[in-house]
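Shared chain: chain A. Partners: chain B in the first complex, chain C in the second.
Up next, the complex of A and B:
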């Protein structure tokens, strides 16, 4: 006879179950909802020999162990010759590089380098073999963009992986499309331009710079809109609260019914 | 019980063996028949137990007195809330969104308290003041007495004889009248058609039709789509607003590095290592465009069917029964990407009439 079986008929058992259930739901809710942080917007600067030298020195200390002393690539990491400054700025400013370990998907984390250092490494890599440059603040500004066209493009070519509101989603073998909730306009632009990790490339002749700004406008507008409820499941809406309220309400009704029809204990 | 007239002893079954009397079988888990505490004995009076005395005072008077006060408080609260409802209904104006919200809140809260007070009071009354005595009432036989049944049969037969139902003309025309009624649903089934014919095997793609990027609706030259690892959704020019056509014709194009593509990809249908596949999953038709440029997998978000874009979009995982159809590509005189024909195999979900090859091979039909 287990402890629970012996005590479940006690008067307080029903209340204990309800309190325990509410406590579990509350703790789980508090755990999954977090406050989104903000990332600083990066602005490009023209490369000087001094900047390139600083980038080379940072590269040799932090990146060369996987990407090779001359960024030619090793068995641990790909060649970076020709990837361009935009790819470096994306990877370093989102904290994906330098990587802690080689995993299926490099997670976003607080960046190791500040903006000036990031741009220095980017300038060094760009000096090795060209590639797309870091876009200027005006090139990524969502102000005045055609958000309707941005939505059409996003729904057609981005939403299958990143979710219709940019909440992200799973891919194969542990890879995933990250949520776009923290991405800056510059990072979104660079991701489209360079196709980091498993993401396809959307070059400027297929999705023009103006259309990239339209897509950025859609993403930044949608994520700033009011999101009712707590755990919204990628902006589906306050479904989880409804489900919890429904299950909790039905549960309370069941316990109330049990209490109403409970036979009084014979004390004589 | 054995003296009870067997309810099955109707005039029709009088010659048969009397069946066993209808004693209720005890269901496992239910309490045994409480004969001693039965308030009503069965009709034969075999078990005339005196009904148990209901106690004139509750078995726990202290508890009952306390409960009485609580119940009375509940009823008083209910009465006050009822007055409050009337006051809120009369007093609160509803001439705007906020005032309507307040009024609804006051009305709903007061009415809830009315019913809650009544309900809680009633439950506490039953549980703490009313006597807790279990009574068992034996079920009576459901069948009517034989005399009543005989009487009914006589009346029915007399009525039937007088109704004139035996006149053949009336009876046959009545039957005839019901026959078309039965056929009507069969005729209505006709409107479930027409059959799809060959429409499942064709899309709107035709020779010479340009591929345009869906959204901005711009045509593409192979040079515009030049970075290996690119993917974009394209639709046939002229059909970008025709959702019915796009449901089958939507296509993805993927750019590869030279020499990356392998059979069974049809190389003659590619342009500069750009290959076009149907975006409609061959399983149940979801838009399949989760393209990973590192693994060259195209993943369907609905049921995780995975296609290998290098090898003719053959299925490497999941429930899809066949490869994504490949669209033959070419370029027109101005250098824009065009289709050189429709898809050679049906796009989208596989169907019964597709034929055996559709479930095994790829695009080599």
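Up next, the complex of A and C:
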């Protein structure tokens, strides 16, 4: 006791406490993480046990605090059993998961994991019980898709939340439909398939896989189209146009009219 | 010399045949007062000219037809999409016609500037009291121009038959249907059957390119003619009275300025149209009644209506088998009814309250009519809240504010903000009046502190210049009704017009409307600072180089040019 009391004000004491704390946490953590590897019984043929094991360990490090040690869900996060690899790939590759904080809508941010790690976690979650798989590159390819049909489907099914140009829009209670400007074809496909957050699921009977490709083709084509009329003003409709008309148009003409009626000031 | 002789020859030739020289001379010598805010209406006028010119160009290529076509044009993302001929021809104008997109954008930006300029012009006229006798008719003509301009704009952006315009038409149809009893008939009458039908675009086209422009042209001409005939109001200043007009003559000064201003307006519209994309209908896609997009907003002049619709609780009732959709009728007719109806009635209401039947050719400074300015700002706040709420989803998305929170903020502030705006504005006006009084009575603080031989420090002030003095002294206060002080019944007998409920109401309104800081008196001006020069504005030799005075009561303009 006296040893600690005598040295507790030394500069190194703080570091010692931190190291001790980390060691304790690490040991406790390592003890707990021994478990989930056993759950890898129902392994899909496409994922190797090694990949699943890697996914499981990544899961336990970054996801388990909210989704539970066995992905069974907690009060902080939903159960992930049965959500499928596509949902994991969408959430993790868009950087939404792991979340920094729990908010009405998880924002898109730079992903924490690389593709291999993401696929490993996805394989682990898929091993817990089915769900849609990550689509292949051919399944999401916009090449040869029917863009005219994609346009109609996009306006009917997507634009009401994501806006006519995929610029995004507001939903209720702080939720929002994100902009589609950076979504990869795979992510768009996965979002339709799994319905992340407020988005409804558009399964393969509602929108067939071919129609999903049509929609992807329309989104990716239109967002890369140049704006023939000048600056886009955000492609969010007439609100910014009105703002520019008043601030830019009326504003500069008010300056012009002040200038044109200026009188030489007489200094007395 | 020979050149001017040649021109003179032409002049004589023309005058011999038209007898136009005398009217032309009068026209050229017409005096226009100078103030930057007098040019706001001209923005609208010049935008209107631009609208007509570009509109004619667009009619050459636009097909007002709902016939179904399959698009195979230049804009490849829509290749193979079924659409109406109206939409396809608008795509054509945008992508195939040389200069078509630029002219479409000029047309649309000019439309926004047109309505925007009308709004700021109307605010200027209101806040300076320029609507007062004898200009009440012109004020009402202005309100009529504003109202039908909004319809002109709505019908204009409905023509391309894109997703946003169809959504706007759907709301228009909803508003028509909400009219009790005859609503469904009105809707069927306009759309020729079920929405959207096949006749609406051709019908809107005729209204947009023929009927409303004709009306606008007539009303704008009447507006200008009346303004010309009644002479423009002027801001208070040295040498400006109710019986003269001080300014620059039409030729060459005003013509040069207004001509230059036309080019300013055109330049701004052209720059906007070159660099800022407006109404990209190719992104919206053709109208499809099952489609809707986030960020479905009308053009800004419909924004207040949109906002009213968005904050309205969902009230519907059923009376005698007829559905009364309060949730549409109220937002569609009440808020703008208050604004437009209130604006149209206000000159007469103010005249009744003040009993002021004099003619007014000198504008009020807004601070000198604090209650009027307060009411105007209350209207601005009311309109502004609705306007912002019309963009609630965009604001929610951009500023990350929950949507329903915004709706509730708007629901409260649509009542609260006007009251706050009224009170704050009135206080600011009264404060400015106190400052003006202080300036008149004590002069401008020079920042020089002087020590007297006795050791006392005094701050040196300088009397305000004559120009400033004339402006400050323009505050006369609105006419107050004489009334016995409350609680002293024996003090006087109220005039017949002040008896009864209406009379008492009038007196009370008059007290509110005429509230102001007492104008410093003392032989009419100043407060006995003997060193200050008393400026009786009419007696001061006109400092303006090129002014001319009109005799009071003279029906004809008497030209008395002074100076050059």
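Keep in mind that, in the parts below, the second predicted complex is superposed on the first by the 183 of 268 C-alpha atoms of A that agree within 3 Å, B and C clash if a C-alpha of one lies under 4 Å from a C-alpha of the other, contacts with A are read in each partner's own complex, and residues count from 1 in each chain.
Operating definition for what follows: a residue touches a chain if its C-beta (ideal position, glycine included) is under 8 Å from a C-beta of that chain, and two chains touch if they have at least 3 such contacts.
As the structure is a computational prediction, the values presented were derived from the model and not from experiment.
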Which superposed partner A:250 touches (first chain B, second chain C, both, neither): second
Contacts of A:241 with chain B and chain C, given as first, second, both or neither: second
Which superposed partner A:224 touches (first chain B, second chain C, both, neither): neither
Contacts of A:258 with chain B and chain C, given as first, second, both or neither: second
Which partner reaches more residues of chain A (counting touched residues only), chain B or chain C: C
Chain B versus chain C as contact partner of A:75, first or second or both or neither: neither
Interface residues of chain A shared between complexes with chain B and chain C: 152, 156, 160-161, 169, 171-173, 177, 260, 263, 268
Interface residues, chain C side, partner chain A - complex: 34-40, 42-43, 76-81, 94-95, 101, 105, 109, 112-113, 116-117, 120, 163-164, 257, 260-261, 264-265, 268-269, 272-280, 283-285, 288, 290-300, 303, 391-394, 396-397, 400-404, 465, 467
Residues on chain A engaged by chain B in the complex (per definition of touch): 149, 152-153, 156-157, 160-161, 169, 171-173, 175, 177, 195, 197-203, 205-208, 211, 260, 263-264, 268
Touch list for chain B against partner chain A, complex: 59, 123, 127, 132, 213-216, 220, 223-233, 254, 287-295, 297, 299, 301, 304, 306, 317
Chain A residues touching chain C - in the complex, by the definition given at the top: 104, 146-148, 151-152, 155-156, 159-165, 167-174, 176-177, 218, 221-222, 225, 227-233, 235-239, 241-242, 244-246, 248-250, 252-254, 256-258, 260-261, 263, 266, 268
